[in-house]
Amino acid sequence: MSQKVVTFGEVMMRLSTPAFARFTQSTSFNITYAGAEANVAVSVANFGIPSAHVTRFPDNDLGAAATQALRKYGVDTSFILYGDERMGVYFLENGSIHRASRIIYDRFDSAFAHIQKGSINWDEILKDAAWFHYTGITPAISQGAADVCLEGLQAARKRGVKISGDINYRRNLWQYGKSAKDIMPALIELTDVMIAGITDMENCMGISGNSFEEACRQTMKQYPAVKKIATTERDSVSSSHNRISAVLFDGKKILQSKSYDLTHIVDRVGSGDAFMAGLVYGMLSKKDDQQSLEFATAACAWKHTVEGDVNLASAAEIENLVKGENVGKLLR
Amino acid sequence: MSQKVVTFGEVMMRLSTPAFARFTQSTSFNITYAGAEANVAVSVANFGIPSAHVTRFPDNDLGAAATQALRKYGVDTSFILYGDERMGVYFLENGSIHRASRIIYDRFDSAFAHIQKGSINWDEILKDAAWFHYTGITPAISQGAADVCLEGLQAARKRGVKISGDINYRRNLWQYGKSAKDIMPALIELTDVMIAGITDMENCMGISGNSFEEACRQTMKQYPAVKKIATTERDSVSSSHNRISAVLFDGKKILQSKSYDLTHIVDRVGSGDAFMAGLVYGMLSKKDDQQSLEFATAACAWKHTVEGDVNLASAAEIENLVKGENVGKLLR
Amino acid sequence: MSQKVVTFGEVMMRLSTPAFARFTQSTSFNITYAGAEANVAVSVANFGIPSAHVTRFPDNDLGAAATQALRKYGVDTSFILYGDERMGVYFLENGSIHRASRIIYDRFDSAFAHIQKGSINWDEILKDAAWFHYTGITPAISQGAADVCLEGLQAARKRGVKISGDINYRRNLWQYGKSAKDIMPALIELTDVMIAGITDMENCMGISGNSFEEACRQTMKQYPAVKKIATTERDSVSSSHNRISAVLFDGKKILQSKSYDLTHIVDRVGSGDAFMAGLVYGMLSKKDDQQSLEFATAACAWKHTVEGDVNLASAAEIENLVKGENVGKLLR
Amino acid sequence: MSQKVVTFGEVMMRLSTPAFARFTQSTSFNITYAGAEANVAVSVANFGIPSAHVTRFPDNDLGAAATQALRKYGVDTSFILYGDERMGVYFLENGSIHRASRIIYDRFDSAFAHIQKGSINWDEILKDAAWFHYTGITPAISQGAADVCLEGLQAARKRGVKISGDINYRRNLWQYGKSAKDIMPALIELTDVMIAGITDMENCMGISGNSFEEACRQTMKQYPAVKKIATTERDSVSSSHNRISAVLFDGKKILQSKSYDLTHIVDRVGSGDAFMAGLVYGMLSKKDDQQSLEFATAACAWKHTVEGDVNLASAAEIENLVKGENVGKLLR
Amino acid sequence: MSQKVVTFGEVMMRLSTPAFARFTQSTSFNITYAGAEANVAVSVANFGIPSAHVTRFPDNDLGAAATQALRKYGVDTSFILYGDERMGVYFLENGSIHRASRIIYDRFDSAFAHIQKGSINWDEILKDAAWFHYTGITPAISQGAADVCLEGLQAARKRGVKISGDINYRRNLWQYGKSAKDIMPALIELTDVMIAGITDMENCMGISGNSFEEACRQTMKQYPAVKKIATTERDSVSSSHNRISAVLFDGKKILQSKSYDLTHIVDRVGSGDAFMAGLVYGMLSKKDDQQSLEFATAACAWKHTVEGDVNLASAAEIENLVKGENVGKLLR
Amino acid sequence: MSQKVVTFGEVMMRLSTPAFARFTQSTSFNITYAGAEANVAVSVANFGIPSAHVTRFPDNDLGAAATQALRKYGVDTSFILYGDERMGVYFLENGSIHRASRIIYDRFDSAFAHIQKGSINWDEILKDAAWFHYTGITPAISQGAADVCLEGLQAARKRGVKISGDINYRRNLWQYGKSAKDIMPALIELTDVMIAGITDMENCMGISGNSFEEACRQTMKQYPAVKKIATTERDSVSSSHNRISAVLFDGKKILQSKSYDLTHIVDRVGSGDAFMAGLVYGMLSKKDDQQSLEFATAACAWKHTVEGDVNLASAAEIENLVKGENVGKLLR
């Protein structure tokens, strides 16, 4: 049975200062490519599951480099569109101790933002897919992106492809004249598995529960397609030291994951996407939600140990972390 | 007597691949800051002449870093505006041998493009200035930039500040609904010293001479304020090897500079601005145009020996090159 | 019509000292992955032609990294085998001026050397292929490699897939008990297009002509399948400066290419493979041999401008070089 | 009201090994410029307060680079003297865990050490100043430096400019024939705000209290100009982990700051100067000493998160740390 | 009295990814040279004790570089043999937090593995030696290595040179047809001081005690030459945080060292060899075993603070750590 | 017969900007160690001749690093003294094209300058030496250095050790109250082989010939010990391109070497020392002066291809260059 995972969303050039340098002191940037949805495609590919990412790049060497960055990991890039506008960029300064990490986005008017309704042949792309993943960032970028995302969800639904959505409310986006509450409900109606915290649910659907569980119950009542809602819980002791765990509401009860103590963080960006990828992998290959949740949380934790947005772990490495094996060892 | 030079124009973050790496093979970018006019301000400051640069940056750490990059060289940055939009960026891949160098611009909708008529207090800025410099890039960016540039020229003219303009026609700019021929004539009418080649004169003023000299004569007839027109002549043997010389029409005759054989180019970007800065320096301190032209051409040649857009030479180093002293020596 | 190119051979980890550092002074190596045949697969993929590479890697992270290095460029890596032995390595010290460049090979007992007869399903791999490429290095590595190579050629011949062979005699290989003359003739019998110099022809087939043309005529007489023989001619002024041209014998006459003056070499390794890739591209898409030869020679010349074994040029860049366009320009 | 801060002292080239490399294993040094007093000038400039630094550099490119390093941050460098001697240098090896950090000073006979009495026009420099800062390092360098420092304090006193002194006793200095006790009392007599620990007070004034408070009371009795004495208290768990807090004696009582747990130190050098800069900023802009002390201590703590001697924090970032806001967050 | 320490064993090129990069994400390797026994030779040389290392390298620039890497630290390299085969290599990826560190060995068929019985003039080498050190890795590599090792031990024994052996059982070695139990007993019979854990003793001698002490007692009973057995005890909280202590059985009782909390590990590889070197140093210069054990354990702990296999500490630095002096200080 | 070469002189830390960066734009320095005489010791060691260098270093980690830098190449460092002062430093900015290279010396008051008469046991050091080498830099540093140098020459003379002196007049040195003409004659009287140009002979001995040959004849008349005088002739086309040849006067006639065209210079510093080392090697192993001169000139030329002051070539590589073999090849 096919397990192909299809993801859709913008991929940006990530320019990060080396080590812990501030923007104002660095003389170089490290270049990687990253996007919330593409991060999931790469991570599941690293877990051994075929994946394809759909996006739109500028038709220049930066778009070519971004394509290569995904293809390197085995993500199918044959459905990517190329056009005239610019590459979205984000600048990252990694913090240390009590100095916060900082991101400066420069993503407006990107090639992706100019994607047009009807430009993607979703039926072709999804024909052998098992899972479709989107995030709340995509419909926040432009009307075109929101339209194409909805087309993707509808095509997936029609074909019985499972749909996950990381409802990730970003106040700084949503600048094209629509609000999250205008757009997100139609997408959530088609979503099976959702990543959302209380504030995401409030901002996207106007749901205001007193607790995560209550908000989940209300969401599922209003959006009966939604079967699972998960979220990570982060305790930021400092930029160098976080604790991470996760919960999943399965419609009936809250499942709670183990907690991980991340004492020497290399790079936390993309760890939410690593969680999502872990959840997709778990739901495609594990026998119950608790196992999926543990795998996803371990994947999230593991991501903090490598530079870049994407999780470079194999499934075996995550399994070992779940079991507490090889932790801190020197493997020869 | 004050010799302060004021320049106006956009400053971009320049992201260049190290050594000769292609965009698709590099994992890092070197960061410098550059702009055709600011390059002049930095170079004349390095020659010992006070300078100030006027521009508009985003009000974030990237704008702060760009400001520091100018201030480091002693350029007065106290008139810079800060606002909400993005930093213009350009990406540079340095070529080698027959592989061309490539620039990808990403400067639309920058903080500078959003500069507004009336936002600059030119009288304050120019009150102790001897020279004002602009280029044809600035009015090509946005109506606001063109307006503010014209305001600057008018204020300079009123105060008797000498004006130089590098008529640098860029086909890819001019996207806000006006053409060069709509805008440039009003600026050229106020210009004393002009850098322009035949095609620049044709594209900006519709002048079509059969030779540089003929085009210059026509220009000066139509624009009597223009007293000198100069241009560099580049023979690109390869990306690694160019020959450079320059000519200046002084209203009566063509002056011809020495020619320089640039056999191991480190970085040619900004060498036209280095020429301009040399010409400004020469005209503020030399006794005749031939000397100014020789200084300017040597400055242009010297620039090819350092990385970055800005010329890091002292006036003494350029004088030595004009005289052929210390060339290729090991100075202890 | 399919243009897929299939290549077969070892891919090594290339460890090169940065800049011009000697082995004994360097504290780091730059890592790329390279192999004479894979270099062709990457280059034709960069030209826009689909390609697949067949090889065998160790089943560890180094094998994974090598796979990613090919996949990044769009080379189909799905037919690669993985097994227990080591990754072949080669160490490179780039020379300068009169200091020669040096390569230290460390490729014995690699995963590739242990490839076994029958382990590759050539029919599956070649079913949509237009071209198959091998080199004389592969059969020099081990009996298994020679066997699998012959199987590939036979399968290609059977399906009418065109075959090119770069007869690249390496005295230091051929250590498994067979000589080039034992093995190469059976491969050459199946070869359409050959890259070979006089000494290659002598060492592999015992043919000793007084000139390249004479050797070619003898070869074609004995091996009627061979329709074209080409070779590059290099004049090594110094490690930093070479001149390169090429000739092709089409069965009747010698075609001669333009000559290129490579005055500031960045990296010459892999330029022969770049020539081969250019020839394959030319023969798949050009209307005559002279055009193919010119494209191939320009590709060879262009390769010297980038670090690494693989040619990172697009077909358009090579076409421009053939036409002498954009050479040494700054493209904005 | 002007808030300009003037500082006086040597600026050295700091050559630090990258990461945690030992002197004997590093093949490169990172270059920054640093001096106890200039560090204060840069930090208050980063807080938005105008500052000027007075020093003497060699009249060569290293002096030029040092000047640029200060000017970059907006420090007024127009009063710097240039002369014939060498640039002071210090070499830094950052320790880790229980391996101590090491500094090798190479500052004797520097251009600064040769500064001459009467060579600085203090009246001109201080005419719009609100604060003058010196340290006990300066008078320890040479008689000339001690003389010029005293001249500065006298000029400041005369003009009602507030004076802070970081009494930083360094046993390895004081080699020109005078002891701290010969020189420091005359300076302390003119000082309003002092940074000093018990041993500093003992070594510089011969005061030997049983506690910091007692030593402070004795100092203030003998030196009635001194109104506040502060000091930081460091608990060095390891080179990677310190705890820092501070106390201030306001003439009546000891104020105690919050304590910060610095668990992943990037670079601790200059954190005392960051404290001093915070105190100056606080005393120029805060309503009471407790607030100033908290700001200063947070500034000291924050400094440990960036490489280099100078504190790159904005005032807003320090305010946030005082309030415990954004600590360890990822700010988008 | 001579204190010269002679060590024998393979030295490999160590290729480690910078910082915490994974093999699949790194574009460069840091190069050092390392081997369990040579690490001891370098460390004791750093402690001020003369040492010589005996090994066999390929007769090329990599062998030359490896020789230089040892000679740099003062290790006598005049007894090294050179021959035709390859340099052994190991690849290292340093882990972080719960991500394990990984080593990929590529050492088969190395120049060292081809060392031949009788090729070393042990009498010459050992004539002024006080100590001979080997490890269980050497006899695991090849019959030749095992033979030469035994020759060395016999020559040392004959001359009254003290012998230490780090019985370091490596399951992945021992591939030449002999098992540890075939070879190790003859070596252990000649050994005075042994480093071994319970599993090492079981694998090498078939001794299975319930505790370290019991295993030691059995070992000493069967191998009366063995007078001391020591081992380190590592608690791997994570890749970034270990705790280390050590025990020594002196034939009568267990001595226990202090424990060290290694909270920010830079590089743990080679820390066992640092322990061994500390023990050799202690036994050559300390008055009792407890002091030797404390010195050795501190050396082991200290090694974790520097990159590379070899311990770069001086004896004074280790003494300070034993005494808890200067820990985490900034030494000026 | 012993061929040991002993050299005496200061070794400095060389801090060079990477690539072609100016002092004012570089953020790091590459570290090597260099000195005119030690460069000779390293180069002859690389040619296979045993050598020892005598100098004095500060007794700190920088002195240790400098010692290691010599020892790495096999130079005997056991006669080096250690004391209290500083390490001499020189800063290097490599030029390109017409931009001159620049050196800033910072060597006054170094540990070497404080060397004292009688502190070196020359008899011990020279007992198995064949050659002693000094330069005119050493006696220019301090009276102590001049004294110890003379002691060395006297001891060498007494033992029949051949003496070479590179009379390298440096105007900026000689600041301790003596001039070259005060000191050099006594040294030259003991010298067999001299490197000197016309101006060196004039400045050191007051000899003013119209030609090199004439000056040599006068020198030899006045200093009969001198048997050979050689000098290199450099034509500096640019910083990137030099031509180099050499002449040797053997007492009767001028011998002229081949000329080398150095078209892509990596680093020219130390090439005179490379010439000297080549001459020493030649005179110890060649059958006539012409051969020695050709070897020396080729060594000088070869040095330009590697970074750092020291020549990293083997004797075989230089022999090949003399014969024109392998020039510009890729050696596999």
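Per-chain residue numbering starts at 1, and chain names A, B, C, D, E and F are given in the order in which the chains are listed.
One rule holds for everything that comes next: a residue touches a chain if its C-beta (ideal position, glycine included) is under 8 Å from a C-beta of that chain, and two chains touch if they have at least 3 such contacts.
Predicted model, so just to flag it, every value in this text is computed and none were measured.
What are the mutual neighbours of subunit B and subunit D in this structure?
Chains that touch both subunit B and subunit D, as defined above, are A, F.
Which chains are in contact with both subunit C and subunit E?
Common neighbours, subunit C/subunit E: A, F.
Per the definition at the top, count C-beta pairs in contact and tell me whether E-F or B-F has more.
Most C-beta pairs in contact, of the two: B-F.
Could the interface between the copies subunit D and subunit F be described as same, meaning over half of its residue numbers are common to both, or is it different?
On the two sides of the subunit F and subunit D interface, the residue numbers are mostly the same, over half being shared.
Farthest chain from subunit D, going by mean C-alpha coordinates, please.
Greatest centre separation from subunit D goes to chain C.
For the sequence-identical pair subunit B and subunit C, what is the superposition rotation angle on Cα atoms, to the nearest 5 degrees?
An angle of 120 degrees brings one copy onto the other.
Distance-wise, how many Å sit between the C-alpha centres of subunit D and subunit E, to the nearest whole number?
46
Can you work out the whole-Å distance between the CA centroids of subunit C and subunit D?
Each chain's C-alpha centroid was found; their separation is 62 Å.
Find every residue in subunit C that makes contact with two or more other chains and list them.
Touching at least two other chains: 19, 22, 24, 27, 68, 102, 264.
Who touches whom among the chains?
After working through each pair, the chains in contact turn out to be A-B, A-C, A-D, A-E, B-C, B-D, B-F, C-E, C-F, D-E, D-F, E-F.
Along subunit A, where are the residues that touch subunit D in the complex?
Within the complex, subunit A contacts subunit D at residues 19-22, 24-25, 95-103, 105, 170, 172, 236-242, 264, 268-269.
Within their complex, state which residues of subunit B touch subunit A.
Contacts found on subunit B: 15, 18, 22-24, 26-31, 60-62, 64-65, 68, 86-87, 89, 91, 93, 102, 104, 106, 108-109.
In their complex, what parts of subunit D are in touch with subunit B?
Subunit D residues touching subunit B: 68-69, 71-74.
In their complex, what parts of subunit F are in touch with subunit C?
For subunit F paired with subunit C, touching residues are 19, 260, 262-266, 301-302, 304-308, 312-313, 317, 321, 326-332.
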